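Chain nomenclature is as follows: A, B and C, assigned in order of appearance, with residue numbering initiated at 1 for each chain independently.
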Amino acid sequence: MTLPTLHLPTLPRVLSRLTVTIPAWPFTPPTSRAFAFAANLAAWPSLRELDWSHVHGRHFCVQVSDIGLQFFFTLHAEGFRAERRSRADVTFTATSADFARLALRLEDPDTLFFNRKLLIEGDTDLGLTVKNMLDAVELETAAAKMPVGLGHLVLALRRLALKD
Amino acid sequence: MSNPALLELICPAGSLPALKTAVDNGADGVYLGLKDNTNARNFSGLNFDEKSLVEGIRYAQGKRRKVLMALNTYPQPATLSRWHKAVDTAASLGVDAIILADPGLMDYARKTHPQLRLHLSVQGSATSYEAVNFYRERFGIQRAVLPRVLSLAQVENVIDNTEVEIELFGFGGLCVMVEGRCLLSSYACGDSPNTFGACSPGHAVRWEQTPKGMETRLNGVLIDRYANNEKAGYPTLCKGRFEVQGETYYALEEPTSLNSMDMLPEMARLGIAAIKIEGRQRSPAYVAQVTQVWRAAIDAVKKNRETFKTQPAWQAALAKVSEGSMNTLGAYYRPWK
Amino acid sequence: MKLSLGPLLYYWSREDTLAFYEQAAKWPLDIVYLGETVCSRRHLLRLPDYLELAEKLSAAGKEVVLSSQTLIESESDLKALRKLITDGRFKVEANEWGAVRLLAEARLTFVAGPTLNAYNPDTLAMLAEMGATRWVPPVEMPREMIKDMLAALQPLPNSATWIETELFGYGRLPLAFSARCFTARHYNLQKDDCQFRCLDHPDGLVLTSREGEDFLAINGIQTQSAKVMSLAHRFDEFAAAGIDVLRLSPQARNMHRVVEIFRALAVGDIKPAQAPAQLDRFMPAAPCDGYWLGEAGMAFHPVNTPVTEGEPA
């Protein structure tokens, strides 16, 4: 039996190019705004059914270490909201490639943690809550609720990576 | 009755996607728990509510796989009804077995749902056939999961002296202590697996990148500090680095995972009923990777015990997802002790 | 309130152990627990030695209980357990459920030890029905839970099955058991060739955090707290919680002083608030009482010091 090697050779560069262009958006703070906008578009439709009430108003920071970007946001009944880069209750740090692998369900967060590729600082319980809640969303279901084309793209990327 | 169970592959399901992943990748059964302290993986956001449980049971049983529900913490006086209700839920939804540690709860299950199959959890700390047979005689348990403290020769002695099926841990996070008899976590932070359902719960853990390295603290106690190139482990006390007589080292155990794959032929010979994969706290990606490897290995050993050889690709895949990226045979291999 | 001397958790030389119990016969104790509960490799005293000690202590007016091993791994462990039970002269403390099975089979009454994990009244009632006349709650069980346990146990159908409650009240807390020997590991020895290094550590081997905080103590396959659980300052809370017996766990030095202070508390010669100051110099480490209060076991809350007893510092 051969196992998929689970490499994502091209995605990180594509993704980092994509994210680096984001600061050009005419909002302040532009990166976090863009992040919240994209998250509301792509992820929120499948996440809104979950009970997020106990994380409402908590401040999150996603830190993409290889391209030096930070996204600050909160979560509310209506979705993601960008926040000023002030404080974060919990901060997730990883490279763009590793975040992409997590998002596509190609990698296990604990494995990344053991290998020092994922860091959760601040309120650990809040971090674990979010991690576990995201794990409980099926990628196929999430993809089906994404804007036309995006869902297909996500699933295709995952298949591609698994085949590689 | 069909043939006695032999090397069933029992995989962890912390969520519905993990359950489906386990089933799709060849698990014979999955084990899961509810979203509260009735099971020993009580982490925020993890586990099943009634809706996902119904769907999980439908999915697994639809593909002729088993669903085992862990109710393996110790009920406490003020909240006893929570455990009773959980047993009732398991029975009414038709899980294939419940995994229990507490004799009082077994008594309840036996009397209230006599048809419900009972497994003795590893949290029951039964390490001898006298203990296993106690649960058999008194509650009719059909399977026991043995703590990760016995050598295979000692496991054989248990098997020779009981009619209870024996399930062993095959892979995953390694409890160095006898399960059910470890209070290290509550000593440091107030919550232990026995009552709270988790060791080193998230609310007590802090990770911080400092100039000296990444620090892990449990309720303020520094458990470990990792240099930038060092692999990390779970924030459990048994895998921490401490100082003893001026020497700083992993005083109890290194961050490492149990991997007993090399012993599969011997386990087959002993008639081990099931191999359990640890890791309900982990994501579907882990479940997929580990289930595939173990499915292949168990199929191979069942085909021919004599010629079975662990494939390097299997070991590499398992090492990759292991705590500290290291594996040990643990107590199965006597010199480890 | 009865006072008991718990089983010796450490490994001392034969002479030291015998001398310790010779002294203990004279201490103001009601109950003495004897036997090896930690490691089957420890052999300086064997069952006949314990039985001889038991006879002596019994003659000195103590109730003697023989404690069984907590972790049973091999057939020889089981053999030792069966011998302990079949002797029948003294009550046995069962520390795992195999022992409970054998004791119930032999229709003997017994003490349900702390590692049986009786966390709820159903399990406790079952133990009582099987012959337990006394139970030791898990050492992490808080005061309020013990109260709840006993309150729920009241309507036992048969009043003959009443059960005494014995609280672990003093000593380094036994927190965990393993197949692995951490003392041997410390000396880079295998367990099967441990050279009995536990003998060098009569109160365990302290493990500190990398910030210098005393945290745990290694005692062979057992892991203990580095701090000493001490509930002396909370002595007046026991009656309301339903505690019948207070267990004092042996330490290498000054144990008689510790026993005397607790006896003085029991008879009212000293007040609980005065006890910590008196105990302090006889303790091998700082105190903790968190478990009793439902907190982290290592926490400590001294009760308010008394206004004044007119004693200079």
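Miscellaneous remarks
In the analysis below, a contact is a pair of C-beta atoms (placed from the backbone, for glycine too) under 8 Å apart; a residue touches a chain by one contact, two chains touch by 3 or more.
Values in this document were obtained by computation on a predicted structure and should not be read as measured data.
Taken as a contact graph, with one node per protein chain and an edge wherever two chains touch, the assembly forms an open path, each chain linked only to its neighbours along a line.
Across the two candidate interfaces, A-B and B-C, the one carrying more C-beta contacts is B-C.
Centre-to-centre spacing of subunit A and subunit C amounts to 51 Å, using the average Cα coordinate of each chain. The mean-CA centres of subunit B and subunit C are about 30 angstrom from one another, to the nearest whole unit. Partner subunit A is touched in their complex by these residues of subunit B: 14-18, 20, 43-46, 52, 201-203, 205-209, 214, 226, 228-234, 255, 281-286, 289, 292-293, 296, 311, 313, 317, 320-325. By the touch criterion stated above, subunit B contacts subunit C in their complex at residues 74-78, 80, 101-105, 107-108, 124-131, 133-135, 137, 148-151, 154, 157, 176-178, 180-184, 186-190, 192, 194-195, 219, 221-225, 237-238, 241-245, 247-248, 251-253, 331, 334-337.
Taken in their complex, subunit A has these residues touching subunit B: 1-3, 6, 93, 105-111, 113-116, 119-121, 124-133, 135-139.
Every residue of subunit C that touches subunit B in the complex is listed here, in rising order: 70-75, 77-78, 81, 96-102, 115, 117, 119-126, 138-140, 145, 148-149, 151-152, 173, 175-182, 185-186, 190-192, 205-213, 215-216, 218, 223, 225, 290-291, 294-298.
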